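Below: one structure in structure tokens.
Chain lettering (A, B, C, D and E) follows the sequence in which the chains are written, and residue indices restart at 1 in each chain.
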Amino acid sequence: MSEAMRKPETNGAPPVISVRGIDMVFLKKAPGVLDGLARRAGLPRPEPVGVHALDGVDLDVMKGEVVGLVGESGCGKSTLGRVIAGILDPTAGTFRFHGREMSEMSPQERYRAKVAVQMIFQDPFASLNPRKRVIDIIGEAPVVHGIVPKAEISDYVDEIMLKCGIDPAFKQRFPHQFSGGQRQRIGIARALAVKPQFLVCDESVAALDVSIQAQVINLFMDLRRDFDLTYLFISHDLGVVEHIADRVVIMYLGRVVETAPTAELYANPRHPYTQALLANMPRISTEKQAFGQIKGEIPSPLNPPSGCHFHPRCPFAFDRCVAERPRLITKAPGIAAACHLLEEAAR
Amino acid sequence: AADLKIGLSAEPSALDPHYHNLVPNNAMSKHPFNALVEQDENQRLEPGLATSWKALDDTTWEFKLREGVKFHDGTPFTAKDVVFSLCRVPKVPNSPSAFTIYMKSVESLETPDDHTIIFKTATPYPLLPTDLSTIAVISANTGKFSGPLVFKKSGCEGVESYPSTEDFNSGKAMNGTGPFKFKEFVKGDRIVMVKNPNYWGDKAPWDTVTFKPILSDGPRVAALLAGDVDFIENPPSQDLPRLRKDKSVRVVDGLSNRVIYVALDSGPAPSPGIKGTDKNPLADPKVRKALSLAIDRKAIDQRIMNTQAEPAAQLISPGLFGYNPDLKVDGFDAKKAKALLAEAGYPNGFEITIGSPNDRYMNDEKVTQAIAQYWTRIGVKTSVDATTASVFFSRRGKKEFSAYLAGWGAGTGEASSPLKSLVACRKPEKGYGTTNYANYCNEQMDATLTEALATIDDAKREKLLQKAMAEAMGDTGMIPVHFEKTPWAMKKSLTYTPRVDQQTMAQEVKPAK
Amino acid sequence: MTTIPATPMLNPAPVEVSVETPAQRLVRKFVANRLALGGLIVFVLIALAAILAPLIAPQNPYDLAVLDIMDGSLAPGELSGDGKPFLLGSDEQGRDMLSAILYGLRISIGVGVGSTVIALTIGLAMGLFAAYSGGWRDALVMRLVDLQLGFPPILIALILLAILGRGVDKVMIALVALQWAYYARTVRGNALVERRKEYIEAARCLGLPYSRIVFGHLMPNCLPPLIVVATMQVAHAIALEATLSFLGVGVPVTEPSLGMLIANGFDFMMSGRYWVSFFPGVTLLITVVSINLVGDHLRDILNPRLQK
Amino acid sequence: MSDVRGGAAQPTLVVEGLKTHFFTEAGVVKSVDGVDLSVSRGEILGLVGESGSGKSVTGFSILGLIDQPGRIVGGSVKLNGEELTTASPKRLRSLRGDRIAMIFQDPMMTLNPVLKIETQMIETLQAHIKIGHAEARARARDALGRVGIPSPEERLDSYPHQFSGGMRQRVAIAIALLHGPDLIIADEPTTALDVTIQAQILSEVQTLCRETGTALIWITHDLAIISGLADRVAVMYAGRIVETGAIAEVVSNPRHPYTYGLIGSVPSRNKRGQRLTQIPGMTPSFLSLPQGCAFAPRCPNADAKCLEMPELSPCPSAAHRARCFHPMPEGAEA
Amino acid sequence: MGYVINRLLQGLMVIAVMAVLVFIGVYAIGNPVDMLISPEADQAEIQATIVRMGLDKPLWEQFLAFINGALHGDLGTSFLYNEPAVRLILERFPATLELALAAILMAILVGIPLGVIAGLKPNGIVGRAIMTISILGFSLPTFWVGMMLIMIFAVNIGWLPSTGRGETASLFGVQWSFLTGDGLAHLILPAINLALFKTSLVIRLARAGTREVISQDYIKFARAKGLSEPRVILVHMMKNMMIPVVTVLGLEFGSVVAFAVVTETVFSWPGIGKLLISSIVHLDRPVIVAYLMLTVMLFVTINFLVDLIYALLDPRVRRKESA
């Protein structure tokens, strides 16, 4: 089973996906009496409030690599995933596909690049169009894109369904006739049908039961091998990420705070937040666990704390953390963390 | 105290008696105000604030005013009030339908004393007393003066300001000589008046009269039955059989001055609503006669109007000045009608659209439908195009109809009114044919009419009017259908003498003996 | 190593063993409610009677040549001059009420259904357009909607009547003008919700063309709540047409709808000739209630919040 | 903790043969079909199982809060020896919130959005004891303080939406603790929360139970949480308990093939990057449960015998029982 | 601030477009003079009247004059009544307001309890019966019901008056019917007539709200706290359920006020609906335009009030306090 663990190719080829300085600001209208009035009357609205969902995120994903993206709810994982999958346009930042900037590409190429990056969604219920049959859900895009001639679509869908572990006999059915795990497989089949190179899996197993979760994770691993796929695997479950990812990126309130190869990260967390996460991760064991060393609530992304976003909860925080945003410091190749402590230690 | 509540079928647009020349307004103004000359229930003239009048010569009239009359505020009535009233008529701002049409003939006037007025007209004008009967006399006290009041056709002198329409609505200027005094006006809901104890004529039997506009027919009847009002005008004809049977209700009706007619486009082809031929069949008097003969007026009276109609042979109802007793109603004769059609060259008939309002006259739309039925039966395939009055009148004005049903009330109560407006050749500058949208023109009739209108002598004039009517009806210039009978319904304990002018007057409502 | 080793997922049947389409499921759930089913049956019968009116009605009430005012105002069951019975009586024109009701149904249902379908189509297009384009286009459409909803129906009807003249088709146009905004607003609301769902994101991610997303994915999913609204709206349109007729701006008198018949009969309310408005009233009531029963139940079935 | 375990006192709650069925249009859903449970003072019992296995319904049945069309059709629920299934609604109401409390899964939904925290706490107090407003408020404030909410006095006047998820869940816990109940049923109260917040709540609950001696049933689908928190565990599958025992026993030595598979499919139990051990098939629908052992179609050990329903039998001891004819061999490391 | 101006302009645009449409619309229907003038008037008189009313000018010039007046706070003078249109409307407004309030009140008092009952037992006989009956409220034409009410209660039984507003008494300088017994009696039938549709609506909203709220976790939680059933229903459920009901009713209130035309016609209620009808019949354009403009403003005001109440009921909508 060594291929499954094979190292990502680093033979000088550019990363499949490379994003730099991604900013995403959602304009959020503060709900209020005046706003409601304005809306109904067709009159003015209060000044919008921005949610800085992504704040200068850099990320490279090499070919064949599985990158785990971990962070607590609302930290911007899905937003980053959507930006990479081309569903959202970022407020700022650059996006390269195989080393080429999107703006340099011809429309044709850009289009192809877009299709090459596909996304698997969290909610197996909302992510399938309830009014389409499985065959149409999976087969529509390949036909539209001319990947498969219309006449052959049925066979093609059979093949993909088989690959994803769904009985092709079910292809005339509607999504509501499937269980959550089966739906998730249909979602995967839909993405695979356009022959993507890169899959963004946004909490793709979170909604599934433990036993089904294992089936789907296995499927992801098999597909990776069979189709030579690259993954951005978003999850808040540290256990799952540990199992599947080659490299892990930790986010906190819209910023990347640490990134490292999986084994390294789990063995040797550098950022206090990563440390807290790992310490609080429930593990199946025969011993009683001591929970809850880290205090405080996750701040609202509407008005994040100054400096290092983590400082109000950090046991090691000092004055610099309040004032200054820490840079992401590379400690060793592929290992980086954004914490003033590391910088101080390096001095 | 004796109180009377009256349910009106239309609401006056203002209490200002000079503001809007419209039946509900005119009827209302007769409660607090008088005119020099009054009209009785048959619209015959009778003394009002003038006790007598006579033509001194062809263009000079003398009116003697009643003495001892007092306004509601106690000031005595004099010639100055009359002059003031006449002066105000052209000065009512924004009047949607001014009374100036009744004053056109007056060139000048003089007031030799407080109770005499001498009118001068430019040409012989026999209708002067009739016209003056429409103009209410208000108190000169309501105006402001800057000098002696002098009547001028171009504008009176000596008046600084006249009372405004609002002054009347609010009651400030509601100072008349009439049998009732103003008490309250809540727009859309009620008008309240109280008895004038010092009235010069027969005192009204009511201490308080409340007028309530209840515009919908059904609810108005319901209000009477429920006892919310004591007296209503214009109960719908279909309810009359039942009301008549009701022990607690009295229904009276009387012929009105309103004729319902069908106008037929007698102009050149093509006519807008005609299909099936490229000529205008209606230009042929035979066709017009055929269409008249095809209508069973009696059946319409029985079935549609619930006997609230009197089949008509002319444009003015019996009893009015100028009525021609020699004209006979076209009897229902489909055979003859068909024969006439064939004779005129339309053995297979043609197609026609008849226009009609649907909320203006008694059962207007239904009568039109019945007429369409009759015409269809003699082979003239008829479709009905009935719309609300506002739309209908505009379209009629644009001559969009080849045939239409409409009505005419002779406001002055004599025959020149319909003849001049409806059938005279269209000469708007002369005031002839103003409502003639059917291109009918009969020079002979026009000549007779013009002569009548310059004849002061009543007997001679009446003869001329009768002749003109016969001429117009002779070639079926218009199909008279029927005269409406106006009904009033009231509690059994009341009586009312029907009025030809369809007006409801509280002073005429009497306790039953 | 080539394909997936164990494929245990292949054997077990899906959670629900049913293989029915959403439409079949809808039918099954619908049929389960007897009241609603009854409503549907009644409505179908009424619709049939309306469609077959020329065949089953004793008289063509629109043909003036067969009417005779001498047969006017007969009570139910009375015989006409030439011995024909008038089962439900006649109006003052001698129109057989039964025939008038059957033909009136035709017009009422035709006008109700017709105007609803057209208004729905327009509203759907406008609503989807507004929701999916957003920005100033959205604002423009929504202001139009505001404008429309702020206008009194009678004024709209009257203006159209004046411009276009009287006729059944004109009433339809007026009713469409009165209703489309309502649909546009509903569609827009739905579309804004649906638009955020992941399956739309998936479609965009798959690079499907704009028109496909809007018409192939977004629209079908905005339809169900709209169909419920539309069912109710058919009933509303029928009642609205009746009110317009009452206010004198409805269909032509010679082609009376149910509403027109009631409005006509309104004049006879006090006269004791109850049948002129009673029977059309009852027919209208049954029609509208049956449609509403159907719509009501559809709403319950289609409301995802109430689905267990 | 050993003091509790060793106590010979009768258990706080004893559930025997509990059956709760839903009579739906599609058929009878036997969501809970013969469940036995018991918890003692200060003990934490973990109730695990996949989605839809009947965990919540078990919890609600104990409180007597089953909605239409559901009904408890059999078995007994005894709280401190008092039978609840036959108790009057009035009696049940007086016990709920007083002797038994419940905490729900979704903190966003458990608090009434339109009522102040104060109102929601005080009404709970006043529903069970005669107490003045001021005094009730003081007690509410203390309760908030105990679950670690800063400046509780001001927080009383807030509305739920002004709180984060973790804080709301703490308020719910504070409400549950107001009367010092004998038993708390916590229905997945941390699934909606983040790892760090979940840890805070787990630690607070642990301490509170230990201090007050309240018995706790912790419902979850995450074995990992249970393994760090509970004393004993009961594993549910398709409306029945399939295995129960001390947590360390069950985790280290699962006997029922389902428990075995469940533990085996947890990623951290597998070698990194390798295929996970997976339980084939999926959870069956209640409307088409297989005959006999519901797990048999997915079970590697199943044979013809499994067409009958096995009993929950000692395996190997009375403290560790499994419902299986062919239990996994002892020490079979998952 | 840019937003403020932008949206304000949009609102004004709506009003302006509406005014344009009314101008064109009324122009298309017909000439007001035809409706107002005495048929005996000659051409000169007609022409003089047209000039007096300013109808001789091209339509766009009339419109500009109107806009100019509107900018100076003058929405024109009624052709028919020769009074400022705004004053005419405001004079009649209290009557309609009172009627609408009474109707809404009735709808709430009857609709909410019935809706809650139907929502608590959606499949019970009572619940189904309530829903089926509520369909009637939607189905019967208002004018027909109004007439029936008059027939039964005024004519046949004779309990209540059939028409008009009855005696009024003054409060805050405005005349109100409900302050006198007679006025109150006059108010009942029209209010019932107007309330019919709204009651059905409220029943439906209340039922849907009840069904939705009752399945929420916080209701279950309230029960788990040991609260009594009345408290669960009356406090926990009702408060949440009322939010959509109040919102919709508030908005409906606008339409009740603006379009009580049919009821006012049937019951001769001297409100703005009757004024609108007569203005339309007489093509009294200044009143129609002013009416519509005031209606739009009314809608805006009502929406504002609804939002206030909404905020009162739903703390989530209140401005974020610094947490």
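By definition in this document, contacts are C-beta pairs under 8 Å (C-beta built on N, C-alpha and C of every residue); 3 or more make two chains touch, one makes a residue touch a chain.
The model shown is predicted, which means the values in this text are computed figures rather than measured ones.
Common neighbours of subunit B and subunit E under the contact definition above: C. Listed by label, the chains touching subunit C and subunit D alike are A, E. When chain centres are set by their Cα atoms, the one at the greatest distance from subunit C is D.
Of all chains, the one whose mean C-alpha position sits at the greatest distance from that of subunit A is B.
Once the centre of each chain is set as its mean CA position, subunit B and subunit C turn out to be 46 Å apart. Taking each chain's centre as the mean of its C-alpha atoms, subunit A lies 86 Å from subunit B. For this pair, subunit D with subunit E, the centres built from the Cα atoms lie 53 Å apart.
Multi-chain contact residues, meaning those touching two or more other chains, occur in subunit A at positions 42, 179, 181-182, 215, 222, 300. Residue positions 10, 14, 29-30, 147, 151, 155, 265, 280, 299, 316, 323 of subunit E each touch two or more of the other chains.
Annotation for subunit D: residues 278, 280, 282 touch two or more other chains.
The part of subunit C that touches subunit A in the complex is made up of residues 1-5, 7-11, 14-16, 18-19, 21-22, 139, 142-143, 146, 197-199, 201-209, 212, 216-217, 220-221. By the touch criterion stated above, subunit E contacts subunit B in their complex at residues 29-46, 48-49, 52-53, 77, 79-83, 88, 91-92, 95, 147, 150-151, 154-155, 158, 161-165, 175, 265-268, 270-271, 274-275, 278, 280-283. Touching subunit C in their complex are the following residues of subunit B: 217-218, 221-222, 225, 236, 238-239, 241-243, 296, 299-300, 303-304, 358-359, 365-366, 369-370, 372-373, 376-377, 382-388, 390-391, 394.
Residues of subunit E that touch subunit C in their complex: 10, 13-14, 17-18, 21-22, 25-26, 28-30, 128, 131-132, 135-136, 138-144, 147, 151, 155, 211-212, 258-259, 261-262, 265, 276-277, 280, 288, 292, 295-296, 299.
By the touch criterion given at the top, residues 42, 82, 85-87, 111, 114-115, 117-119, 121-123, 126-132, 140-141, 144-145, 162-163, 165-167, 170, 173-174, 176-179, 181-182, 185, 187, 190-191, 194, 215, 219, 222, 225-226 of subunit A touch subunit C in their complex.
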